[in-house]
Amino acid sequence: MDSIERLTQLFERFPGIGPRQAQRFVQFLLRSSAATRRELMDAVQSLGGSVHQCAECMRFFSGKEKVCAICTDPGRDASLLAVVASDADLAALEHSHNFRGHYFVLGGTVSLASDTGNNLRMKQLLEAVPARTKAGLMEIILAFPANPEGDATAEQVRKKMVDLRGRPLKITALGRGLSTGSELEYADPDTIKSAIESRR
Amino acid sequence: MDSIERLTQLFERFPGIGPRQAQRFVQFLLRSSAATRRELMDAVQSLGGSVHQCAECMRFFSGKEKVCAICTDPGRDASLLAVVASDADLAALEHSHNFRGHYFVLGGTVSLASDTGNNLRMKQLLEAVPARTKAGLMEIILAFPANPEGDATAEQVRKKMVDLRGRPLKITALGRGLSTGSELEYADPDTIKSAIESRR
Amino acid sequence: MDSIERLTQLFERFPGIGPRQAQRFVQFLLRSSAATRRELMDAVQSLGGSVHQCAECMRFFSGKEKVCAICTDPGRDASLLAVVASDADLAALEHSHNFRGHYFVLGGTVSLASDTGNNLRMKQLLEAVPARTKAGLMEIILAFPANPEGDATAEQVRKKMVDLRGRPLKITALGRGLSTGSELEYADPDTIKSAIESRR
Amino acid sequence: MDSIERLTQLFERFPGIGPRQAQRFVQFLLRSSAATRRELMDAVQSLGGSVHQCAECMRFFSGKEKVCAICTDPGRDASLLAVVASDADLAALEHSHNFRGHYFVLGGTVSLASDTGNNLRMKQLLEAVPARTKAGLMEIILAFPANPEGDATAEQVRKKMVDLRGRPLKITALGRGLSTGSELEYADPDTIKSAIESRR
């Protein structure tokens, strides 16, 4: 197999990329300068070098520190911890510029198809709670997607946290309702139900 | 203009129908039996006959009564009034099986493009409030679409209701947040903001 | 069932229309004037009255004549006959302003799923050929869609016309190749094959 | 800028990739093993090493030879030369398994927006023709996309080849017509025109 085919096959493994687009990526790199290709290789290399998971929130970041810039930022509100499924969800919350608490990346959602998500960092989450509570944590916000997997994950987290009851710790979930741009006419009954219940 | 073209042009005025689909409708009717076409004509005719607007909620219904079955249902909760833009939005709320109060159809939303919605039934809404309050109304729920027009309509209703202040009347709006199926990763910042604020 | 529901169900039978859009049509008619609804009823009625099938090409047209304006137009080229599946396909050819021959509407394509298209006007087509040949017909163009049903229909017409062999009658089919806007990169192999074979 | 952001920005330059998908690529690579990232780097590197343009058809291929496997294949038909815009279009023709001649990659199409495509290999194409004619070339097939840019490119090639007139060299273009799956009803007038003209 020549290097064009080999690279095409590697790009096909990228999320959402089919054979056709993989080919276009290779053509794009062929037409790019050697410097551009070098840049790409360097950036991929440094992912492996400088990038690692934050020891606290478990997100990937670039740097030599053990703990990421969000976790060490003294301006963040230590009373709030948002538990998210992925780095991408963390980024979405961060970009909304409306959450100033801390994060914990669970590493996915419970899978309803196969047997449960043993790769999720449930244990790490539970172990981290006592120290965080001592540091002022008051509320854990379950910020999972509004789908069956997200709901199952939330339920599982709540169950595992039963032992933590008694502590002054509130567990909440992101509000459901009409999302921006929703028309009632096209909204599903569940969303309308949530929107009525969470009216204010 | 022959009757094929005439009917095509009439169907083109239907919401969401272009010339091509209008033609297909005509072809469909041409291939239909005379009985089917007769049924269609009868149904359109009886819209004009038996169908009229409810004197209370202003929605269209079929019958000889002045007031529709929802408005006269003694099982409905007279303390709640949902103000909606359209009959279709009323139907959506009703189908969610989660709202048991009364309705008022405003007849549209404020238009942001042209000058304001003079056709909206603002006056009728305001005039209906005193009697409804006497009948036990406690809360008006503004159930408008989650878009700029819906927001502008809500704001205008709130302004006009300033005079009603002092009465024990709460004005709420449908909750915003993640709608069913939303993934955080793809949610817009406003929706995430609402979802954080309305967490519970 | 009231007249709103009845009309909604009738509109749901229209091609491509689901429950939601059927509801919108009814709402649209409710908001329309009585005159508009009257116009619609009249147009539907006159479909049944003045509209009938042309005795020659079998398309629907409006008028009292037995034969439509295209079939009686002395400016049309009697040496060419395009056999099409539907009135809509006839209209598409006519709108391309590139065909000046005559038409015959077969009434559909052979169905590959169920048993064959007995409703197709194969017999009428075959019976019409001798008179048309006498009137100068030289070429029958099979203008069917470029899909398996269209191909099966073309094959069936060709088979049935075997008996007509010997007469100076050519049977052709619409050319295959790149359609306007096609990019080679995204074209399917069959289309590329046709485009290479029909190069010129 | 850290290596996550740097790599995200590089992926954003890939064709058809927005910020969101670029982020997903980076997340995918972060979750991948070091071995996978190494493989990717190696494949990108070897693009720069073994991959180069064929001296005859100008497509990119992997190998040490000056001329690619298609150009040196004695089984290919030297009487036919397909001029294509891109490597991807060459691949599409090759995958249709219906063309056994030679190729020449022009490197793009004439741009209608900006000033003309000076980067196209017009000069190389013209210079290659005499030797190819001597080797038996009889027909040049302009295999460009069926859009205005493709048409303008074909016209320009034809103009530049005026000097080659007199030689026994035919210049053709891919056939236009209904592409696989086309329904007449939805075909544009130009496509129908081509389909009528190229009937057979």
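Side notes on the structure shown:
Labels A, B, C and D are assigned to the chains in the order they are written; within every chain, residues are numbered from 1.
The rule we apply is simple: a contact is a pair of C-beta atoms (placed from the backbone, for glycine too) under 8 Å apart; a residue touches a chain by one contact, two chains touch by 3 or more.
Not measured: the values here are computed from a predicted model.
Ranked by distance of CA centroids from chain B, the top chain is D. Set side by side, B-C and C-D show the greater C-beta contact count at C-D.
Centre-to-centre spacing of chain A and chain C amounts to 54 Å, using the average Cα coordinate of each chain.
Separating the CA-averaged centres of chain B and chain C is a span of 40 Å.
The distance from the centre of chain C to the centre of chain D, each centre being the mean of the chain's C-alpha atoms, comes to 38 Å.
With touch defined as above, residues shared between interfaces to two or more other chains in chain D number as follows: 86, 88, 91, 185-186.
Residues of chain C that touch chain D in their complex: 84-86, 88-89, 91-93, 95-99, 141, 143-147, 172-200.
Within the complex, the chain A residues that touch chain D are 2-7, 10, 14-16, 21, 23-30, 34, 36-41, 43-51, 60-63, 86-88, 91.
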